[in-house]
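What follows is chain A paired twice: with chain B in the first complex and chain C in the second.
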Partner chain A sequence: MTLDTNALLIILTGALIAISCGFLGVFLLLRKMSMTGDAISHAVLPGIVIGFFVSGSQRSLEVIIGAGLLGILSTLMIDALRKKAKVQLDASIGITFTLLFAIGIILINLFAYKVDLDQECVLYGEIAYLPIDLWITPSGLNLGPRITWLAGLNFFLVTGFIYLLFKELSLTSFDEHFSSAIGIPAKGINLALMSMVSYTTVSSFESVGAILVVALLVVPPSTAYLWTKSLIPLLRLTAALGILIAILGYYLAYWIDSSIAGMMVAVAGAFFFGSALIKGNWPLGLRGTSKPSPAFDS
Partner chain B sequence: MEDFLYFFTFQDPSITWVVLGITLLGIGSAYVGTFSFLDKKALLGDAISHAVLPGICLGFVLAGEKDPRYIVTGAFLSGALATFLSSWLKQNTKLSEDSIIASILSVFFGIGIVALTAIQKSGNPEVAGLNSFIFGNAIGIAEADLFLYGGLSLAILLVLSLFLKEFRLMVFDPGFGKAIGFPMKGIRFVFNVLLILAVVIGIQAIGVVLMAALLITPGAAARFWTDRLQPLLLLAAFFSILSGILGTYISFVLPQMPTGPWVVVFLSLIALLSFIFSPKSGVIRRFLARRSYLNKTHRDHLMKALFKAKEANREVLSLEEIHALYPFHKKEIAHSLQVLTKQGLVLQDSQGVRLSPQGTSDAMRIVRLHRLWEVYLNESMNIAPDHVHESAEQMEHLLTPELEALLEQRLNYPTLDPHQETIPRESHDA
Partner chain C sequence: MITQVPQPVLEVHDLTVSYDQHPVLWNVDLSLPAGQLIGILGPNGAGKSTLIKSIMGLIPPTSGYIKIFDKPLQEVRTRISYVPQRESVDWNFPASVLDVVVMGTYGKLGLFRRPGKKEVQVAQDALEQVGMTAFANRQISELSGGQQQRVFIARALAQQADLYLMDEPFAGVDMATETAIFQLLQDMARAGKTVLVVHHDIHSAMNFFEWVIMLNLHLVASGPKDQVMTEELLRKTYGGKLNLLTQVTDLIRKQDFNPLKS
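What follows is the complex of A and B.
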């Protein structure tokens, strides 16, 4: 394979992951649940480790199921802390994800002799090794990089999920009470969205790492939100940003010889801060035209 | 057991150092974290702890080795930049606070990863220690570094204790503080500096990702035991020290175990136990309080029904009639009757249930409160007579004798409620 094919594959995979994450992130943003997305991406760690331990492989269905279950568990735990124990939302999120993440690291150390899974790889995987990791059928047919297929499947599922449940998702995001009143199971939709976030986290953690998934979940939608407030343009802009981030991130990382996933996030951050500078209330003298929103209200 | 004794008698000076270090770090971050928890900015600490990574890398590049002074300075500067950016974004864009925090956190962390990878590929042999910032390494803190971190921690404690009043104002009522002439912006600035410092020294022991727990969890757990600020701070510090020592002990006994995650697990355990068992506002306590209130309302309703029957000149209600009044509540009725009989408020015989003299008086009071409240709503609040019943259904269980006397006085001892029913009083009947 020439460098160009590799570059194309890496950019394609990066863009697919960025778009899947971005689409889900738009709905998280509209629900003011960005930090919940962050919490989920940390909290899936024990699920990944247990799935890995049970099946002995990073690529198994057990890993995805384990992570999905942990993702849902963390959503439920945040909800229970908030509603049953009356802990404020930000603290519920903080307590939940740190506890689950700590358990994950402890499990990694516990199974260290059996499991070839180190903490760094879970946290910030490496997309650059993608062209070596090929999916070869038992008959010896080379189908190309495995992770690209995974990212494609994930992209397909996420877009399918949003396409099929578009009305329900947007209604529950904008007006939960109205949507419950007309018979949409708001809680069920919410759990479905959280499961998709967990699944996307797992399917991406090998290539971009669990923490950088958060960046792709949050930063492109936030950037797009600075430019538009309508849902469809928001989704389009997020997708466009995802592709741009993948291309620029790859070439910049290649140029300074560093982590591609990290560079994708850095590029996303540059777009974010640039947009904030342009669209923020600028100059400072005009401040006060928009009200600062109260902290984590809901 | 031998391990236990060896560890807790502190014979080994290195154990003493580690425990001392983790105690100082724990107190510092528990104090600062409790304030930011009360300020409802708990996750800002999480953002800062991710955001210091680029600064750590920068400090490392500038010093060329793992010099704690450079690293602390670098970490502090990038934490400060992140704090400044988040408050700038909050004031100048329409983004909500949680997306701002999540964006800052992930972007800074991403940049940090880029820098870390670039440094690792540069082949500097000193680089191995840098990873310990991500996951923390309490055991690995050198004694020399401990003086720097311990000193900073003490400084944090000192500033927080000296300016307790100012920080209390910032958390509970910044508007009032501004009105009586305190420089609230300056106070918040100092607090942010302390928060960043606490994070910078805390991640040595516990790592970037889990730092949030050291800040948030002790305060959240302690909040369940007290409402006052000083006991809250002391309790948070105590929880933090306790889990710090337990975590260190685990990684001493099982050397392959990392310290930080165990500290977090113990902290969370304390927090979860507090949430469940706290006698003030724990889950069990609130469940019991709710159940006893529901039982009381049900008993009140039953006595009211008996009293109303009495008003209609029927002394005795049969069990079937009571069941018909409250369908689907067979179990509750049986329970209420049992309790009421035991208290001597109702009498049961073969004909059915009747009120005892004491029960009549108690039931009369409930009906009186109900009707008084209806009169009050109707006359003083101008609410239509057909809208007052629902509210009275709730208030009849809550009004105290003092409020009752006040209502009677205000309404000038009315005789009829808005539905033209008599308001029963002792002198009347007896």
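What follows is the complex of A and C.
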């Protein structure tokens, strides 16, 4: 086991991404919209390709804007299919993100000769390359890994977003009608949340990939929700899980020499199943330890 | 039997509301006096909740308009309080009773500002009024149906409004609680608040409401209880559909008419 600068940077980046995704994931979970997060993370692909085509770079602002717009478009499409065309929520999610994802694949193939967009990177990501991808200013100053800065900025924006709109986010998650009735724009808050999810997804692409982002949006909040039934502890526990997942994920991947992002999600999954085993409502013979439900702290 | 009042708290003008081109409320035109406990009666599917939701601006009307305190809804939102149906939310949401009641103060707080000591005090007072102080720190998922209903009413009280719109606040509530809440609502009306309640039970409606609105897709009656709670109007409200069906059955029998044969 070594703890050098590279390891520290990878763990820090992983933890920042896991916490950002986890915070947003808590609100998706409470809105029963976890799969909408999944849909968004796939539906942003055409936006990335178009942004990439416009700017010619995978790291440009256009890519993030394109992805953000597509994320919002997919949210609106899901909502419209459900409300206007009376399609079930799960079906409308399935229709929307597969369609947009397919358009993304077609676009990649159409423009493939013009652009160098690594599909594997978009889908799977590789956090291990982080230490060699540095942010160097025109004057030659080395500021460290670019992706760590991106993850830090994302973390800062997500935390600020949730801090500022905490009251609105929790009210609209609990009772949409009531919030509209007292003049808090439930639809606007929802779109703002979905934009943050789109942005976070894109920002995390290069390190953990589009597919594993979904796991970080869904699994840590669901795990924490097994342990606590109040909102603030739920957010804290999700953040703690994010840090733990990054540390354990890195060292286990280092140990068996495999994908760090993959191992992070595997660790998250292990935490979830462990928690489900302890907290779940199993028949008596299967039950591990039977504890009374913990006192609810506020 | 529709009584209009001068200087009404709430005026509904020629309101028609439809879902998917199906009108669920036809031409409702009424005005309501201040400081009264008002009941909305009618059979299932009569449009009672729809009326409340259109007043709150949650459903856009097909035609007609609504004025509250002689102004459009947007200008007086903070003076109106709303209790949605209990089943409209998921009670497994991770929040304490106090958290939910504090939500009643959010409308006046506005964007970004956080509830402070004052808001918590308002919420505590509201909880005391519905007799739920002992449950302040309880998770809402651990409450019974009647307790959940009282939490919703406390949240509406915390809004400190002048007009209260309540959508079936007595669904799944036992008699003792219902009476206690009715007495609370009567006190509020006496203090000058106007309380509008969607209600099912004609018997308790007789005992507690001062003004009654009877709906069955169209407005059957709106007026002081003594004048509108008549057998004729109740039959018009609740028996309308039944009568029509009976007539059709009679007609078929008389003429030996069977649409499937011809």
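Here is the rule we go by: the second predicted complex is superposed on the first by the 280 of 298 C-alpha atoms of A that agree within 3 Å, B and C clash if a C-alpha of one lies under 4 Å from a C-alpha of the other, contacts with A are read in each partner's own complex, and residues count from 1 in each chain.
Simple rule for what comes next: contacts are C-beta pairs under 8 Å (C-beta built on N, C-alpha and C of every residue); 3 or more make two chains touch, one makes a residue touch a chain.
Every value quoted in this text rests on a predicted model; they were computed, and no experiment measured them.
Superimposing the complexes on chain A yields a three-chain arrangement in which chain B and chain C clash. Of the two partner chains placed around the shared chain by superposition, chain B is the only one that A:253 touches, whereas chain C remains out of contact. In the superposition on chain A, contact is made by A:166 with chain C only, not with chain B. Once the two complexes are overlaid on the shared chain, A:101 sits against chain B while remaining clear of chain C. In the superposition on chain A, A:181 contacts chain C only, with no contact to chain B. In the superposition on chain A, A:215 makes contact with chain B only, not with chain C. By the touch criterion defined above, A:261 lies against chain B but remains apart from chain C after alignment on the C-alpha atoms of chain A. Look at A:62: by the touch rule set out above, it reaches neither chain B nor chain C. Which of chain B and chain C touches more residues of chain A: that partner is B.
Note on the superposed arrangement: chain B collides with the chain C stretch 236-244, while the other options among 164-172, 236-244 or 254-262 stay free of clashes. Within chain A, the residues touched by chain B in the first complex and by chain C in the second are 32, 225, 296. Residue ranges of chain B in contact with chain A, taken from their complex: 37, 40-43, 46, 50, 85, 88-103, 105-118, 121, 131, 134-135, 209-210, 212-213, 215-217, 219-220, 256-258, 260-262, 264-265, 268, 271, 275-276, 281-283.
Residue ranges on chain A touching chain B, taken from their complex, read 29, 32-35, 37-38, 42, 81, 84-88, 90-91, 93-95, 97-99, 101-103, 105-106, 109-110, 112, 119-120, 123-124, 209, 211-212, 214-215, 217-219, 221-222, 225-226, 253, 256-259, 261-266, 268-269, 272-273, 276, 279-282, 284, 287, 290, 292-293, 295-296. Across the complex, chain C meets chain A through its residues 53, 56-58, 74, 77-78, 80, 82, 84, 88-90, 92-96, 99-100, 103, 106-107, 109, 111-115, 137-139, 141, 155, 159. Within the complex formed with chain C, the residues of chain A that make contact are 30, 32, 164-168, 170-171, 173-175, 177-184, 225, 228-231, 234, 296, 298.
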